[in-house]
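By written order: A, B, C and D. Residues from 1 in each chain.
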Amino acid sequence: MDFEPKILGIACNWCTYTGADLAGTTRLKYPQNVRTVRVMCSSRINPSFIIRAFQLGADGVLVGGCHPGDCHYGTGNLYARRKLAVTKKILEFAGMEPKRFRVEWISASEGKKYAEVVEEFTNDVKALGPQTKFKIRKD
Amino acid sequence: MQNPYIPMPVEVTKIVTEVETNDIKTFRLNFVNKEDEENFKYLPGQFAELSILGKGESPIGIASSPTQPGYIEFTVQRAGTLVTGIVTTALHDLDVGARIGVRGPLGNSWPIEFLEGKNVVVVGGGFAFTTLRSLIHYMLHKDNRPRFGDISVVYGARTPGLLCYKEELAAWEKRKDIKMHVTVDKGDANWKGREGFVPTVCKEVGPSPENAVTVICGPPIMIRFTLPVFFELGFAKENILTSLEMRMKCGVGKCGRCNVGHKYVCKDGPVFSFAELDKLPRDF
Amino acid sequence: MTAMKKIEENLRKEAKRLLEGGEVSVVLAYGRGYDENHPMPFAARTVEDVDSLVFNEYCTFNLARYLPKYPPKTKIAVAVKAADSRAVVQLIQEEKVRREDLVILGIPVTGMKDQKTGEVIDNKTTCNMANPVLYDILLGDEIHGFKGGSPYDVLAELEGMDHDARMAFWKKEFEKCIRCFACRKACPMCYCDPCFMDASRPRWADKSPTPDGHLMYHLTRFYHLAGRCIDCGECSRACPVDIPLYLFHKKLAKECEDMFQQAAGMKIEDKPAMVNYGNQDSDEMLK
Amino acid sequence: MLKKIALEKLGDLVSALMEKGPLYAPVKGEKAVDFQEITNPADVILDFYNTAMSPKFAFFPQSEDLIRYRLGKEATESEAVSLDAKPSVILGVRPCDAKSFEIMDRHFLGAGIIDPYWNDKREKTTIIGYAFDPSTAADPADFYNTLGISASDTAGSDIFMIRTDKHLLFKGITEKGDRLLKELSVLEAGSKTDEKTFEDKAKKGGEVKTRFMEIQDKAVAGKLVQVFNNKEFWEKATAACISCGACTFVCPTCYCFDISDETLFRDGVRKRFWDACMFTDFTLEASGHNPRPRIFQRYRQKVCHKYSYHVDKYGCISCVGCGRCTRSCPVNIDIYSIIESASKL
């Protein structure tokens, strides 16, 4: 059987989540591997969420926010960019494959971009295989 | 050998919300196994660890009396800071029929033999009335009542809505063999009882220290102001008893966190007289 | 007289003057421990206490750690080496201490030694600077022309590894952790109360020492110190089981410097990097 | 009973012990030496001063499962973890650490309640003590002499091991020890000369000097009660303390633990694990009240617990002077100096 990765999506309420909605309503086809959690702003994401997701068995984490400058709250995603950049460096230096974590700016009108990003990311994660580095093992 | 860390299964059979703020509830628990019930022999003043798997354990004073066979009761206040309060919150979310665990009985009890033949003054404040309720039930039981002298109770809460066990208080008021002095800091439109702080009421009631023992439980601030009243009335420190509160985990004197001096509150306490407390380091 | 002895003498002289004149109510410096190689952090409060002050190459502690616990408006003199002074600057940036409450006694020094191993720590576990970045009084002569390589040289080996090897490396190191929290308690920047590890709602990591909990604890702590860690290396020296935490902190400090063009604790006027954003920030950093 | 084996045959002995069950022995890590379960006989080393962590983990592991459970929609299934420690051996326990087991016994097996987890492992484990090398000076942090322990004290060991130039000598101290010695066919019987050597070496161990002060259990316990309220003293003595748990975790006689439930999805374990009186939340009550919010109060608790309360409750000081707390303290607080200055007050 093919490996179907489990991917956690964390999407900002105002842009990416709405963009994902648009991808759905315009009937774009994209893989179903992403399970999305909505947050009010990408800057609400605590890097521990991402570490925890990997610990609980996520094969990849995709974060979506508004384009810099378009944040609903003005500057939220500018802070988020710094936070997520550091998170990425942490994951990489700890030994996680950097391709398992991706941040994309997707606006409410970019349903097509959303579908493309999900497809591309799913394929990337698929190629990497199951994530075992952080996953909590019960034994 | 009995493993002291493994709880016994119990079922929640009744939940009573005691106060209008909804954060104090009394849980009635029935043992699932008959032999556990028989082994669970306790006296008023003892406590037990209530255990919810997945959440943890919390030490709670037993609010029922051994003279009420068939079940045990615990009155629990929902606590909560960022760091604490998981178990009490989970308890408050329980419904009748839920299965939890109980470990105990633990600790010492109110010294029944010491109290026998003496007049007993019970002083309680707010939610800390639980093991006092157990004691009152125990003393009022018809088999036990003759063993004790006069019983008087001073019980206070901030408002009428914050008094626990309202029905029982009313029933006790009607009895002749117990003198009740229920008071609130501030009454409301429907409150016909006494108004005033517990220390003031104690002064007014003015129990005689002659052959009498005071049993006192309440928030630290109440105890601090009530103690001088009893000293003034002539009570000796040996005859003023209280129940200490400390963070506990194991309940059997092993985990080491509840010690005050060389005493473990969970095992050598929680009941101490103020004379005993005087000998211990001020570390509680 | 050696440079160290001279610093010790100046330290006593200045401490005495400050306490006598009532300029400060406490001098945070170093005192005698149970032997020469094991001095202790020491808070001198009276002129008599001053005789107990010492300074030698084993006085590695970062005294900035003690600053936030004093109530505001307490006048404090604090002895700082280069990295420690950066910690003070960072604490001022984060409004944990006030510049006007401090008399900073700068110690220009190199060649400090690890108490356990006796190794010189300059660029290995600390930021490899010789002179404090901020001080009111300098206790020794400013050091010129000190070179000892970049503080990030020690990263080369780990950076050269592939991801799997690095994961294996950290797993092995974290496995040693006993959760004594010495790293967090020794750190001048770890002043949160309660720490995320103590919070029970949510419970971020297992309370008991499990490898998964260790991973969560350390990675999150690294994140919390990103852009704030001033590379004093105190966490690694405090660790009773010798986990090289400094390597991760150094890596993040290096990356943050690259990405945000700002090193932690260099200037009082700076805003801490992680509560700020810059016009020059680009999506490149997310790649 | 005295037995011996040539030094170069240590590997054979280790293999023989490994056949009996899990063997814990000192292994060299990157920096420090520590007890580990041996998988390769060549890992065992005997050239070490003392381990960084104490051997208490063998009976009181840092984390121990009590109950396993599975949360269901309707009911929670649970099962108590059974006590089934395998008979094991700890090789190379220094005299001060061996003594610590006796002190811990008083707590875990005393005061009316027997701790089943400690008891189970304790009964099934044989301890092979190992004398400090009398030709090496004691570490400046050590003060086991103060607690009446010598570098070749056999108390607490089942078998006591002394190294000579070419041999390892083993003397059975307890019945359990004798039994094991009898079973080990790789050992040769010791001669009269060997016995003499053993005695001589043991005597030499008595000459190793650590830091020393005259203390009497009852006197120091009483003194600390007097000093208890001297806030100034405690604040000054513990001013450097950062309230981490390093000292208590490395200590062979610290036994405080916490119990917590840990669930992953639906499966979980109730565990007990080491806790430290130095942590802020150690005594934090559900109400938010904390009887020991200040660092000096917590450190005072630690010192008084070891040197005063333990004497009152169990009749002995709960410290063996192994010096670990001092060595591992990030800020070099020295409990010996604190006791010393407290006694002088």
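By definition in this document, a contact is a pair of C-beta atoms (placed from the backbone, for glycine too) under 8 Å apart; a residue touches a chain by one contact, two chains touch by 3 or more.
Keep in mind that this is a model prediction, so the values were computed, not measured.
Should one ask which of C-D and B-C has more C-beta pairs in contact, the pair is C-D. Comparing mean CA positions across the assembly, the chain most remote from chain B is A. Averaging Cα coordinates per chain places chain C and chain D 32 Å apart. Distance between chain centres (mean CA atoms), chain B to chain C: 49 Å.
One simple way to say how far apart two chains are is to compare their mean CA positions; for chain B and chain D this gives 39 Å. Separation between the centroids of chain A and chain C, computed from CA atoms only, is 34 Å. Shown for chain D are the residues that touch two or more other chains, namely 258, 260, 281. For chain A, the set of residues touching two or more other chains reads 136. Counting only residues that touch two or more partner chains, chain C has 194, 198. Those residues of chain B that touch chain C in the complex are listed here as 82-86.
Those residues of chain D whose C-beta lies close enough to touch chain C in the complex are 29-32, 52-53, 62-63, 140-141, 239-240, 242-246, 248-250, 258, 260, 262, 271, 273-274, 276, 279-281, 326, 328, 330-334, 336-337.
Put simply, chain C touches chain A in their complex at residues 158, 163-171, 196, 204, 212, 215-216, 219-220, 222-223, 226-227, 248, 251-252, 255-256, 259-260, 273-277, 281, 283, 285-286. Interface residues of chain B facing chain D in the complex, by the touch rule stated above, are 1, 3-6, 53-58, 79-81, 83-85, 87-88, 99, 220, 245-247, 249-250, 252-259, 261-262, 267, 281-284. For chain A in complex with chain C, the residues that touch the partner chain are 47-48, 51-52, 55, 68, 75, 78-79, 81-90, 92-98, 103, 105, 133-134, 136.
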